[in-house]
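Each of the next two complexes has chain A plus one more chain, namely chain B in the first and chain C in the second.
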Partner chain A sequence: MAQTRSGSNLIWNILSYAVLILLAVLSIGPLLWMLLTSFKVEDDIVTRTMVYLPTRFTLENYIKLWNQSGYPVLVINSLVTTTLTVAICLFTGTIASYAFSRFNFPGRTPLMLGYLVVRMFPAVLMIIPLFIVMRNLGLFDTSLGLAVAYTSFLLPLFVWMLKGFFDAAPTELESAARIDGSTRIGAMFRIVIPIARNGLVATCVFVAIAAWNEYLFALMLTSSTGSRTWPVGLQLMVGEFQLPWGMLAAGGIISIIPVIVLFALVQRVMVAGITAGAVKG
Partner chain B sequence: MSRGRAMAALPPPRSTWDAINPLRLLGELSETRYWMYLLLLPSALLITAIVLFPTVYGFQLSFTEMRLNRPAGNGAFVGLKHYQRMLADPIFWLSLRNTAVWVTFSILIEFVVGLVAALALNRNLWGGKVLAVLILVPYFLPNVVAGNMWALMLDSRVGVINDILVNIGLLQEYKAWFADPNTAMATAIFVEAWHSFPFFTLLIMAGLKGIPTDLYKAADIDGAGAFAQLRLITLPMLRTIIAAAVILRVIGLVNSPDLLLILTQGGPGRSTQVLSLYAFQNAYSDFNFGYAGALSVVMFVLLMLFAWAYIRLSKVNQD
Partner chain C sequence: MATLSIKGVRKSFGAVEVLNNIDIEVEDGGFLVLLGPSGCGKSTLLAIIAGLEPSSGGDILIGDKNVNDVHPKDRNIAMVFQSYALYPTMPVRRNIGFGLEMRKVDAKEREAAVQRAAELLQIEHLLDRKPGQLSGGQRQRVAMGRAIVRNPDLFLFDEPLSNLDAKLRVEMRTEIKRLHDRLGTTTVYVTHDQVEALTLGTKVAVMKGGVIQQLADPETIYDRPANMFVAGFIGSPTMNFLTGMLEHGDGGLVLRHAAGSLALVGLEQDVAAFVGREVVAGIRPETLNAGQGAAGLQGIVDVVEPTGPDTMVIVSVGGQLLTARLGPKVRPKPGDTLNLSVDTAAINLFDPVTGNRI
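== the complex of A and B ==
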């Protein structure tokens, strides 16, 4: 009996490896192909017969994209918008999340549900009024306006995810500080937030990646190079200037480097936070 | 932990500066009964201003005439005009059907692949952690990059997928996947599923960790095979988490036209036209904000109905 079970275990292990390796190749393969394409000369990309490995390694695509297409401006705009988004979430979301995690008060459950339900609101339904409002307030086509628009879906996410990390932080140290005469706000900033700092960083990274990647709001709410972010700029180049594949691939690689690096740094904590937030929601 | 009153009363101010020291005042404020509401105030105000207000405004827009490119008559109340137009609009009905196809098949593939990946990862194999990270990567990639990457690989002239399929004999010649109305939707669904299946993997993996191993041991003794265990233990135990994941993904799929906007713009013909894309194009290209608003309102109501019905059906609320 034991033997057959270990035998079937082996079969399942082999099957699992097969599935996982296949999925990993499917997940990473396209990225590698894009990386390879970005190092190819145009003659190796547009060919009669497929050239898999570049015959001549070149950085030309990167240099051309960086110097001739205004890409640096797009990247800087994205950096500004992303930083503003994270800052707004950090200042307003951290304290809200702390309140939900540590206090029991009338209206807590409906408020928390409210923060969850707003995620269901269609982007398109909000984008149109936001466009009109932003134009009237002079925030249309500004990085600040775009960042504020991003918080409409990222702030609730931030609060829910961070609440999970605050919930996981033990309350004993906080109690001890309170007994020693610390105020609530003192205990929050000196004890709880430092304990939950890994979670705080992971939550910020998650929001930063989402803001960095966002396309639809940016397409609607920006109109010039003053605030246009890289996803909109890159897509415009594809549509209007028939951007060569090599440069497009280079743009893709440049743009996802920060995402990959940040993801690699905090993936373990971030993954725990995403699942906790979604499971409890 | 007692959260009621201050445990130690603060000493009275010792000097004029102490009396107006903002840190001290904040500290005192934090001991009042309304502290938690003050903590919530900034985010609640922000959400009211940028979510609730625009949503209400959006509902209102759907009953008004609002065309930015035709200023005359803007803001006039037109009652149900946009909704009547919608009922008679064949593109609306087509978009509705396409949305159903887009959502159903994307979810199905994402769920099955996500579940299989999670089950395989849950065996804690050697190297599993690295494979897990690799499998999760697509989920964090921007739509613009994911879309264009696949557009490159599926291109009718330079696409490597075409080359591979021709080489292994599955395809006679290179195919323009997104230019053929018969394959455009299926190909877009494939790209979408590739992009988002890790979400199911993530959530199901978290759920699997919560299932007591005793259940499987007992099932082993009773002689239940792997598939019986999956059907009788794993899936029922994951019911809540699967329901949550499905709802979140349906919301995401219905609401965001991003990937289709990048890959097909609804074409060829209108074979990949979905509701969110139709609404967005009405606003972005035609500046017909009233009609776009009405389309989004219908989308919103349908989503709410779906979420309500789905939660009722899967009885999540009993847990």
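== the complex of A and C ==
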């Protein structure tokens, strides 16, 4: 009996590992291929037979990208837009989700559902009205305008996620803080937010990555290099008669560096935040 | 320190009335216990006193000051919560001193006050730990430290011992009593545990369905319960109820029940109006003794439960089950016929229709 169980355990383990390894290969493979491509010369990329490893290691793609295509501006634009998006979400979303979590006001449930409704429509539907709004407000082709547009669909995510983390913090703690001499808002900043810190970091990272990678809105709501973000810039490098694979790969690699750095910095906090939310929220 | 007056306090959530016209006065240095089953409104009343919940009507006065519209932070109260509500991100030292910190007390003075409170509760060695590293009993002490450090006018306790194991609960109960004797701060204490209520309170309010059933000192609550709810809620094992007809007998009033009659010698109540009607006699298990006396009952032993210091004997008297708390050496067998003498002066008679004490 015991042997049968350990036998089936072994098969189960092998299967799990096989699936996990497959998933790992699927997600790491393209990244690795992009990395290799970025170090190849043109002759190694466009070939009759597949060349896996660069025959000649080169940084030429990176140099060309950096010097000729205005890529640094694109990355800076993306950084500005992402920072603005996170800042707006952090400021408005934290207060909103605290209110949703703690107060029982008339219209609370419809309002929360309203937040979700935004996400039920395809992004394409929202772009035209947003385009008109931004143009009339003079926010078209600005980083702020793009950040506001991102907020329109990222704020619901932010509020709903953070509400779960706030819900997990016992209300008695705020009652205790209020008796101890805090105001409600003071109790929120001194007691609840420190408890929900991991969740807050996790939520911010989600929003930041979504804003960093966004393409469609950025394509529609920017028209010049003054505010264009890297995904759009990268796509525009593909011309009718040219496909600069090496530069595209180099651009891809550069653009994921901030994401990797962000993850490395907050990884532990974020995992703690997500799992805490999963268990309690 | 201060008195506490609760005047006509009501609370309703929509159509549901959870507190109905509550009137309580607590003297300076008094210890009021709000006792009742879950959902009786006792915690809501405490939250209203604390200012965490608005009332739907009535007044709360701490000292002479009406605090209806006063923010919890300005009521000069301290509260110990059932979950202790220690701030998980702060070490014990800061948890205890948080109230002083919020009141901008100078750091040196704050430190001294925290140290004093910690010494009083014997938790000096825990000051640098986080709440997550403490045991239940230690958390309880820290929560109390946070309450006493500020010298508040009023202590509020919301079922503070219910998360502790039985042994620790008894210890902490003694600790709370000692603390109250020492500090003399007016206290309101919510519990569903009648032993806590009787041992701690100078005044006990038994509540049910948002209404105070009885407000009196613990002795009166135990010996002379106002109605059958209070009688049944207080005491373990609970009070026995023996139904019978109240009649005039040879030497005075008797209770004629299914298996005979019980002479009501020394009854304190004026029950003249109920003669010839059915009444319920409330008999505490410890007022029943083995053997025959001036007034007695005879029944068949149903179950015998030795508990160590006592033996609980459940006896069937004409089909009604009564529990008797007898001495440790008394060991009747199930099926035996047992004679019990009754201290009839301790009996309470209730009206079976209203449930109230006659």
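A few notes on this one:
Operating definition for what follows: the second predicted complex is superposed on the first by the 254 of 281 C-alpha atoms of A that agree within 3 Å, B and C clash if a C-alpha of one lies under 4 Å from a C-alpha of the other, contacts with A are read in each partner's own complex, and residues count from 1 in each chain.
Simple rule for what comes next: a contact is a pair of C-beta atoms (placed from the backbone, for glycine too) under 8 Å apart; a residue touches a chain by one contact, two chains touch by 3 or more.
It should be emphasised that the depicted structure is a prediction, and the values quoted were computed from it without experimental measurement.
With both complexes placed on chain A, chain A has more residues touched by B than by the other of chain B and chain C. In the superposition on chain A, contact of A:99 is made with chain B only, not with chain C. In the superposition on chain A, A:37 makes contact with chain B only, while chain C stays out of contact range. In the superposed model, A:65 makes contact with neither chain B nor chain C. In the superposition on chain A, A:256 makes contact with chain B only, not with chain C. In the superposed pair of complexes, A:191 makes contact with chain C only, with no contact to chain B. Contacts of A:170 after superposition: chain C is touched, whereas chain B is not reached. Of the two partner chains placed by the overlay, only chain B lies in contact with A:129; chain C stays clear of it.
Of the two partner chains, chain B and chain C are each touched by A:179. On chain A, the surface touched by chain B in one complex and the surface touched by chain C in the other have residues 175, 178-181, 183, 186 in common.
Within the complex formed with chain A, the residues of chain B that make contact are 1-3, 6-8, 10, 26-31, 35-37, 39-40, 42-44, 46-47, 50-55, 57-58, 61, 113, 116-117, 119-121, 123, 125, 128, 131, 133-138, 140-145, 148-150, 152-153, 155, 157-158, 160, 163, 194, 198, 202-203, 205-207, 220, 226, 241, 244-245, 248, 251, 254-258, 261-262, 276, 279-280, 283-284, 289, 292-293, 295-297, 299-300, 303-304, 307. Chain contact summary for the complex, chain A toward chain C: residues 170, 172-173, 175-183, 186, 191, 194-195.
Of all the residues in chain C, the ones that touch chain A in their complex are 47, 50-52, 71-73, 75, 77-79, 81-83, 85, 87-89, 98-99, 102-103, 146. Chain A contributes residues 5, 8, 12-13, 15-17, 19-21, 23-24, 26-28, 30-31, 33-34, 37, 45-47, 50, 52, 88, 91-93, 95-96, 98-100, 102-105, 111, 114-115, 118-133, 148-149, 151-152, 155-156, 159, 171, 174-175, 178-181, 183-186, 188, 209, 212-213, 215-216, 219-220, 231, 234-235, 238, 245, 248-249, 252, 255-256, 259-260, 263-264, 267, 271, 274-276, 278-279, 281 to its touches with chain B in the complex.
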